[in-house]
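Look for chain A in each of the two complexes below; its partner is chain B in the first and chain C in the second.
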Partner chain A sequence: MSDVDITSKTMDGMGPHGTKVGLLRVLGPAHVWALGVGIVLVGEYMGWNFAVGKGGAYAALIACWFAGILYTCVAMIDSEVTSTVASAGGQYTQAKHIIGPLMAFNVGLYLVFAYTMLEAANAITAGYLFSVVATMSGHEAALDQQPFIILVIMFLAWLNYRGVLATLTFNLVITAIAFVAILVLFVSTSGILGGGIMQHAALFEGHEMPYGWIGVLASMHFGLWYYLGIEGTTQAAEEVRSPARALPFGTLAGIMTLLIAATLTWYICTGVLPYEFLGDGVNGSVAPLFDTARLSGSMGLVWLLGFGTLFATLASANGCINDASRAWFAMGRDKYLPGWFGAVHPKYRTPYRSIVFLVPIALIFALKAPLDQVITFSILSGLLGYTFMPLNIIMFRKKWPLNSIKRGYEHPFHPLPAVTLLALCAITFFAVFLGYGTQLVAMIGFYIVVSLWFHFWRYRFVNRGAQFTMPWPKPKGY
Partner chain B sequence: MAHYVAPKQGKASQLIDVIVLVVLTLGALFVPLKLGLAGAAKAVETPVTDPTWEALGQTPVQAAQYEALGYTPASAHDLILARFDYSFSVGALVAMVAIIVLYYVLVLRFSDVEYREVISEKFGK
Partner chain C sequence: MELWNYLEYAAWGLSALFGLLMLVDWLKTDSTYSEDVLTSSREGELEAMAEEHKVKS
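Presenting the complex of A and B:
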């Protein structure tokens, strides 16, 4: 067994590369929860409702729960691996130590694109919200949303530049408010407090399964949006005080929170909004919880859910900047990307060059691409990453069986979660193929080209043995 | 294994690498959009002239919710009647599966070659 114990209370983690100036270890389990839930909770405030459009309300509920199973597998697998790999980069660093450099390079790109596209989607929603508030406040002409989109991304990038503790403490507060707003809307509209306004049976009448079972399959595409990003908790691995305890706790508490929030969101919105309106997130309901509050007749709820939507988008964009920059930084530090990106700010101790570099990329997509396409780009990158995870955990258990290194968490029923995850990923690939097959093929084509570029060109700048920074014994079979 | 010493990369070369990656990224994501191949578009197959809520297939309860949202039958026409087309060819499905499998096989094979070098240098034979 390795002589370095990640579960130790006196040595909580390890400093990869032995750098003197590293990222600050200041975060606790609540910050990990806030990072995971903060990124994802916006999925209940916008985007998930495309699943209703793809197959109807029941299809969206089935997709919600099957995607919930998929992400529960992701959280279990991730918690085990990351409780031993306490290093920035999350799944990227896991892939580097378990499968190999090219897989790691691909996983790093999945992470960067999934989070950067999610950040762009959040900024689009925030811009829309500002325009609605302007209209409600009596502004007559259509409000130009672009300055608000730019402002949101720039402000959050600045916050990330200045320091991780302030960034994630900010996330903790606004995520908690956004989550409470969903609970308040539920108790206010479901009949628990006062008269309820739910009309599920009447609104579903004649539209129960508008596309039949193929619609249920198609809904899985956007079903992922309820939870996409929970795996981002691992990005904070190098900045938490006790990774072996905080990462599994924060991640698993996060997925439980999201399962509750997703189901409540489906129940609230489908009981108030007609399915065609709810299911069109571009021309119909951009922000379904906010639209539900508008129909509740309570101005208090309208303001609460307005702020809830705004806070959810800000928290998500904030977490996405945090995660995408850590993945980009980690690849730069390993020379998978130009080493210039691997720098840590001497004063704020943040990966500041990576943060700044990704700002214009997010802006291009937020300003130039429609919301459903941006969401699809994010989902596709996420899906490729989830397909990697079963391979990762199977190889991890094979190369380092349970007693060979000490784990902070061991997930049960292995390999059942891995097999389940792989099967659900296959179904979701088919769902994406049903509507967005061209993008899927274009994106895979992109990853094939960059993989060849990495293997035959870029990898020459990477030191070989130095990439393996974990204090683990030699893997079995090598 | 002999210790591999990576060459130092010049600034211009680093810049070119970044540009290549950014161009490939933007190309992969924007080319399908610009060529109109992005898909997932909904279409109204049988439009209704002079639409009413009944003609659009809406019950009184559903119509009331649309009116509360500020819609009329005319303004809700496309929103209500637009449908996805989920028809597909088996050939296209097989091609997609083949591309995904090819991609993962390629990545896993090349990764394994690289990983063996890493382990060999780190731990010795």
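Presenting the complex of A and C:
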């Protein structure tokens, strides 16, 4: 070990490669948890229930658990690789070191699009929530949602601009409240403390699996909603005090939290809301947990779940701004994009140009694009990213076997998680193709075009030597 | 004018304020520091200083 402590006040963020101003290493495992769970938890509050519409309540539960296996594999693989490749950019940086530049460029774009689209979707949802509150408080005219959508994006971008510690501490508080709200709703309505309102048997009767196994397959598309974004913890890699400890700890605690939250959410909502109402997320139950609270007859639960819904939405948008800007920043730093984006604010120590640059893009999508298209674009980008991960970990273990480099975490049963992840990704691609085939083809076409642009034009500007700074031995076989 | 109409105006105003705060600070930062300093960040600093990886023979 070196005698130099880079986390000390005198050396903080500076280093031997010439960094004069670097990202600030101030985060702990709780912030990593808040980043991952914060991005995802909105999926428990809304969106997952489209899976009920696709295949019924049991199909939604099967999708919930299969997607849970998919994301557990994602979390384990990510924990191993990112605790070793501990740099901003997450999977982009992993791809750069392990596979190659073209894969890295594509993965970087998947990340930026997935998070920016999700941020836009969250802002649209927040605007909608404000309009619901206005209606409930007696406002008769239709509320103009635009200023509230813009305010959400501008406030959270400003918070991100000012520093990562405040940003993720804010996420920690509001995510914890949103998670506790689900636990309180479960305890209050399940009958554990008496006075339960669950009627699973009566509500399921006659339509346990209305479309059979094909319905289960179709549900997988929206099963992703329960966990989409947990892989975002990796973007904090360059800002945690101890990557080897904080990243695996925060990420694995995050996926465990989400498995609990997802199963409880399914149990609570399917036991109270009728299948037809629950499965229609547009004209029926837009926010199922909130609707369940309303049916409980308790004003306390209505307020708690109302705030829970808003907080989950804000936490998700906040985490997405953090993650998209880190991925964009890392690509700029390596000249995959103009190097101008690789700047760090000397006072706040954030990638300020990347944060500001992505604001108008998020605003355009939030104000001009339809919500379902924005969400689909986000899911597809995420799914492409998950498909890269099995290939990534197999090559990582092959090039740098265990004991050749120091890892913060070694995931068990390799290559079983990688093979399982690849198989579940293939099933989910088919499920997405059933509902959104045109978008899937259009999106793959888009990534082929930008890949050609990168290969024939942009690659000449990339920092080919300087981009690899990890003090690793040569990969096996090279 | 109802409360929600005022809140709409407040949301517009706050959005403009946050945008302005970022824009002014951005321009101030870019004009105060050289590009060399601002874009000097390199990945792997912690690992380079704190870790030593050796291949097992």
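For this structure, a couple of remarks:
As a working rule, the second predicted complex is superposed on the first by the 459 of 478 C-alpha atoms of A that agree within 3 Å, B and C clash if a C-alpha of one lies under 4 Å from a C-alpha of the other, contacts with A are read in each partner's own complex, and residues count from 1 in each chain.
Going forward, a contact is a pair of C-beta atoms (placed from the backbone, for glycine too) under 8 Å apart; a residue touches a chain by one contact, two chains touch by 3 or more.
Predicted model, so just to flag it, every value in this text is computed and none were measured.
With both structures placed on the common chain, the touch criterion links A:P471 to chain C but leaves chain B unconnected. In the superposition on chain A, contact is made by A:P101 with chain B only, not with chain C. After overlaying the two complexes on the shared chain, residue contacts for A:N403 are found with chain C alone; chain B is out of touch. Of the two partner chains placed by superposition, only chain B is touched by A:G215; chain C is not.
Of the two partners chain B and chain C, it is B that touches the larger number of chain A residues.
Of the two partner chains placed by the overlay, chain B and chain C both lie in contact with A:W340.
Contact with neither chain B nor chain C is seen for A:L183 once the two complexes are overlaid on the shared chain. Of the two partner chains placed by superposition, only chain B is touched by A:G437; chain C is not. Shared-chain residue A:W158: touches chain C; no touch with chain B. Comparing the two interfaces of chain A, the one with chain B and the one with chain C have residues 339-340 in common. For chain C in complex with chain A, the touching residues are 2-4, 8-9, 11-12, 14-15, 18-19, 21-23, 25-26, 29, 33, 35-56. Only residues 53-54, 99-104, 106, 113, 199, 202-203, 205-207, 210-211, 214-215, 218, 272-274, 276-277, 280, 283-284, 291, 294-295, 335, 337-340, 361, 364-365, 368-369, 372-373, 376-377, 387, 391, 429-430, 433-451, 453, 455, 458-465, 467-468, 474-475, 478 of chain A touch chain B when the two sit together in their complex.
Contacts from chain B toward chain A in the complex involve residues 1, 3-7, 9, 11, 14-15, 17-18, 20-22, 24-33, 37-40, 42, 57-59, 61-62, 65-66, 68-69, 71, 76, 78-80, 82-84, 86, 88, 92-93, 95-96, 99-100, 102-104, 106-108, 110-123.
Listed in rising order, the residues of chain A touching chain C in the complex are 1-2, 4-7, 11, 13-23, 25, 86-89, 93, 134, 137, 139, 141, 143-144, 147-148, 150-151, 154-155, 157-158, 161, 238, 243, 330, 333, 339-340, 342-347, 352-353, 355-356, 359, 403-406, 466, 469-473.
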